[in-house]
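The first chain written gets the first letter, and so on, giving A, B and C; residue counts start at 1 in each chain.
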Amino acid sequence: MKGGRSMRITSLLLAVMLCVLGIGSAGIVHGAPAPKCKVQGGTLRYGLVRDPTTFDPHINDGVTSSSIQGNVYDGLVEFGPDGEVAPALAESWMQPTPSTYVFRLRHNVTFHDGTPFTAADVLYTFQRIQDPKTAATRQLDLKTSVRAIKAVDPYTVEIDLTQPTATFLQMLAAREMYIVSKAWGDRGGDFKRAMNGTGSYRLASYEPHVRYVLERYAKAWNTPCIDRIEMTPINNDQARMDALKSGQVDFTEYVIWQETEYFFTHPGFRVYRGRDLFDFVRLNPNRPPLDRPQVRQALNFAINRQTINIVAFGGQGLPMEGFLTKPDSWAYNPDTSKVWKYDPKRATALLADAGLKPQDLHLTFEADPGPETFDPAQVILTELRQLGVNVDFKIIDIPTLVKKRANGDFLLLMDGKSLPWNDPDAYFDFFYSAGTNYAAAVKFKNTQLDQLLERGRTTTNPALRKPMYAGVERILYQQAPWIFAVWRPQAEAGRSFVKGYVRLPGALGTYTPGHFNRLWIEK
Amino acid sequence: MLSSTRASSTVNVPARRLARFRRRHLRLAAPATVVALIAGLALFAPWVSPYSPESIDPTVRFAPPSHTHVLGADEFGRDILSELAFGARISLLVSAASASLAGVVGTALGTIAAFSGGPMELLIMRIADALLCFPPILLAIFVITFLGSSLLNVILVIALLYVPPFARLAHSSTLTVREAEYVTASRVAGSGGTRILRRDILPNIMAPLFVQLSLALGHIILLESGLSFLGLGPPPPVPSWGRMIGQSSRFMSLGVLPVVWPAVMVSTTILAFNLLGDAVRDALDPRLRGA
Amino acid sequence: MTSYLARRIGIAALLLWLVATVIFFSIYLLPGDPAFIILGGLEAHPTDEALQAVRSQLGLDRPLVVQYASWLSHLTRGDLGRSLITGRPVRRDLSIRFLRTADLMVPSISIAAILGVTGGLLAARARGTILDPLLSALPLLGFSVPVFVVAPILVYLFSISLHLLPSSGYADWSDGAAQFASHLVLPVAALVAAPTATTMRMTRSSALEQLSLDYVRTARGKGLSSARVMRRHVLRNAVLPVLTVLGLQIGGMFAGSVITESVFNWPGMNLFLLQAISQRDYPVIQSVVLLASVVFVAVNLLVDVSYAVLDPRIKYS
């Protein structure tokens, strides 16, 4: 039958075409944004740990980049509740080649000032991030990985990468990659002191040190259930906990470990916990006596991570026996990821290798007074002194800390950080020689390490990547650029009538407050 | 120290005289004893407890008082008694050092100002007044933020804050004494300026200055522990009562004794110094008496 | 009298100008750079050119003397500049924060004055009775126990244990008078102990001094009751030194209020300053320290002048 055969051929051709198009495609055809609200409406009173220092959507301001910017802006993609990359302003995407992405943008999306969202805004965003004057956190990352970006049509963007990049989509979902309005930017919008995004909430009003109010955006593409978020910065930890206990706020971030037990045991509250941040001591590998790797290794063996965990975090954290991969990561390798122990004898022996006795060392150790870093710092200080090392401890404030991080002006500097995404490529920002989060500032450079990190980033097959990162960890063990201390417990807590809060897994826990649009209030 | 009792309307009863004597002495002896005890604690700090104030022992966190840890242990498992003893060293050292420094420098400036007169006097006294314009703790916070917090800096800042009162006191006392007859007599007799300063003026302004000094000690301890509480005092591993309170109050829901002990200690010390200062004042200068 | 007043005010103004100048120049000695903070938030690694751009935008790259002159001229016009971090005019935020500190200080001083004077007079009357040692010991405790001991204990008792009062924060008048008051109780209670104690002591000793004077014995001899003597003569004369003491308390209360605002997270002027210091927000730092000094000087001036006015025996040269 002629018609039937031509139909079969057509279907076959169609099928083949679909298959061909399907190859290399990582596109996910999207479903509905958020499930229908069980309960609509209400006001959420939220306790912030501090004021934001900037509203800039392209600068990482720590936790507030999620709790504030995260709710007002959207990226091309975002992290879903399961930690996987999910559609946001990009409805779907394809990879015609391993180093090309084509994003189909969502239609009928407007910014809070009414301007429609189109591909031009995506181009403008990338331009702004790559401009050195913006001082964007991802400036270097974007510049090195993106070769070209163009708007194929008002709702299609094509991005050409310099090479295939394993973590490109995760980078796009990061909290410093929100899409901004070209029209607003051209008009002179002040990105640092005002916000104009496409998110579920708009910034209705704010008074520094007092309150930040987000209101649901009527025309949001991702409609939230809760109408209004009133955020109060409460720096004092105890005060913030008391505010939740007494009902002044319904939900708070940064629940201190001393109080998690309270919220676990008292009815009417829920606690959400993870271990997504870690504490460590930045070492300056170019300043004596730390210019010798044995000395840096010795410091790592001189401290007792169990003690730090118990004393500084009530045992709720996880000692960092290796590097930045935790046992739940696919890249975790027991041979290389579990190397540090408390071994003062070994520490002394390593120092002897370098021709030194502990008493010969004169170290300056700086820390800021925030409890999450100050408490571990005190333990580390005591243990180094117990070894016999002379340590001059200095308390510095945050602006000084920030400056020292950036210009490498320190010998030992206590610090705490989170990983940008659930991928061992996180090592890149810290240890790649041009990495802005550590290496560049102290001029740490290891060519072999650089090569491994580059290859790890540009290889897409996890089976091939895993041994590369094992190699990375071996080098980190030899070089010991930091004292790796402990993964800290991180928790949020709220009244039980606030529902839908599901903490993102792995390193992404602190992204969770960036999605108030997934919550609802059921009283 | 007995001043003659003016018999107002009653007969001198020996019992009453004895009572007054005892009371006067008690007022001085009691706080002096407490201060001596605290000084003893500070002096013998390394032997007061078998533990170093720094040793962190995770197994004894929040331990209640026992035969191993006489006052218990704090949130890091550090021995509280040891911390208090070494903390006493800091508080006494800071107050003695800054009070003495302020006393010496302030007195020197004040007497020089009074003696030189003219523009020099104006300059010195106006700078002293300008320093007094700042609310003291704001000045301290300010200076420590940019000099950094260390034992030396805290002593220097507090001394700086107390120079003006000493300078003013020395200045006015010197002026008063200078007019006194015996100085004029000395001058007439031909004594030189320095001699007058040394022999006639200094001994006579010593009393009010000494009173000022002893009154200042209590306030200085209050200021130092307040700064430590805010995190601006001498940094670890040096223990300090104020910082103990500040840090341990974060853990009050897990244990309140680590706050209570240093709180009692610092309050008692300040009280003792205040009482001592009062008693010294009463003894040395009855004209300045309170009650 | 007027010439005295004029001279005192003149000297005060001169001193304040000196103070302002010292503040201005010394702030630039603070390590750390506001441009860093503005540009990078807490994770800053901005490029030099970005930093330079921000600095010139804020006028921070002009020579120090030029910035000083500009600041002075703005100051004389009442313009305190704009926050480097938020961009908002400092004067507006400062007046709000100042009022919030006043919310703490004014009730504290009033309570200290009332309780202190009454207590002191009672204590003076009680001399020789059984209550005497208690009433003379109590104030000693009051000003020996520091604010940072009293405050956490109050929080522990009334908030953590008994859940009677909020442990921190500020509620606006518009949120309801009850809310406003309940947030005020603990901070004021913490702040009020020391000045009440000092005032009480001073009043007691001053009253006792008066009581032993001749004119009192004469009055009693004439047959006036003790109460009347107290009221008419002793009180008026005893109040003088108390005024001085109250004035001097302001200095101590500043210290107390810094700690109180810290512990209770009270959004007053002191916390404003602490936050500005931690962000290197120069215009705010300058303005707050200047305002604090002005208040300090003004209060001392007021005390001196009232002293001169109330006591005709005092010569003012």
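Following the convention adopted for this analysis, contacts are C-beta pairs under 8 Å (C-beta built on N, C-alpha and C of every residue); 3 or more make two chains touch, one makes a residue touch a chain.
Just so we're clear, the structure is a prediction, and the values are computed from it rather than from any experiment.
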Winner on C-beta contact pairs when B-C is weighed against A-B: B-C
Chain nearest the overall C-alpha centroid of the shown protein atoms: C
Chain A-chain C separation of Cα centroids, rounded to whole Å: 43
Intercentroid distance (Cα basis), chain C paired with chain B, Å: 22
Inter-centroid spacing, chain B versus chain A (mean Cα positions, whole Å): 50
Of all residues in chain C, the ones touching two or more other chains: 31, 160, 262, 277
For chain B, residues that touch 2 or more chains besides their own: 145, 249, 252-253
Residues of chain A engaged with two or more neighbouring chains: 238, 397
List of chain A residues in touch with chain C within their complex: 51-54, 56, 59-62, 65, 132-135, 137, 190, 192-193, 208-210, 232, 234-236, 238-239, 242-243, 246, 248, 397-400, 402-403, 405-406, 436-437, 440-441
Sites on chain B touched by chain A in the complex: 54-56, 58, 61, 75-77, 145, 148-150, 231, 235-237, 249-254
Chain A - residues contacting chain B, complex: 237-238, 256, 258-259, 262, 306-307, 310-311, 369, 371, 375, 378-379, 381-383, 385-386, 393-397
Residue numbers on chain C that touch chain A, as the complex places them: 31-34, 36-47, 49-51, 53, 83, 85-88, 93, 155, 159-160, 163, 166-169, 262-265, 267, 271-272, 275, 277-280
Chain B - residues contacting chain C, complex: 126, 129-130, 133-138, 141-142, 145-146, 218, 222-223, 225-226, 229-230, 242, 245-246, 249, 252-253, 256, 259, 263, 266-268, 270-271, 274-275, 289-291
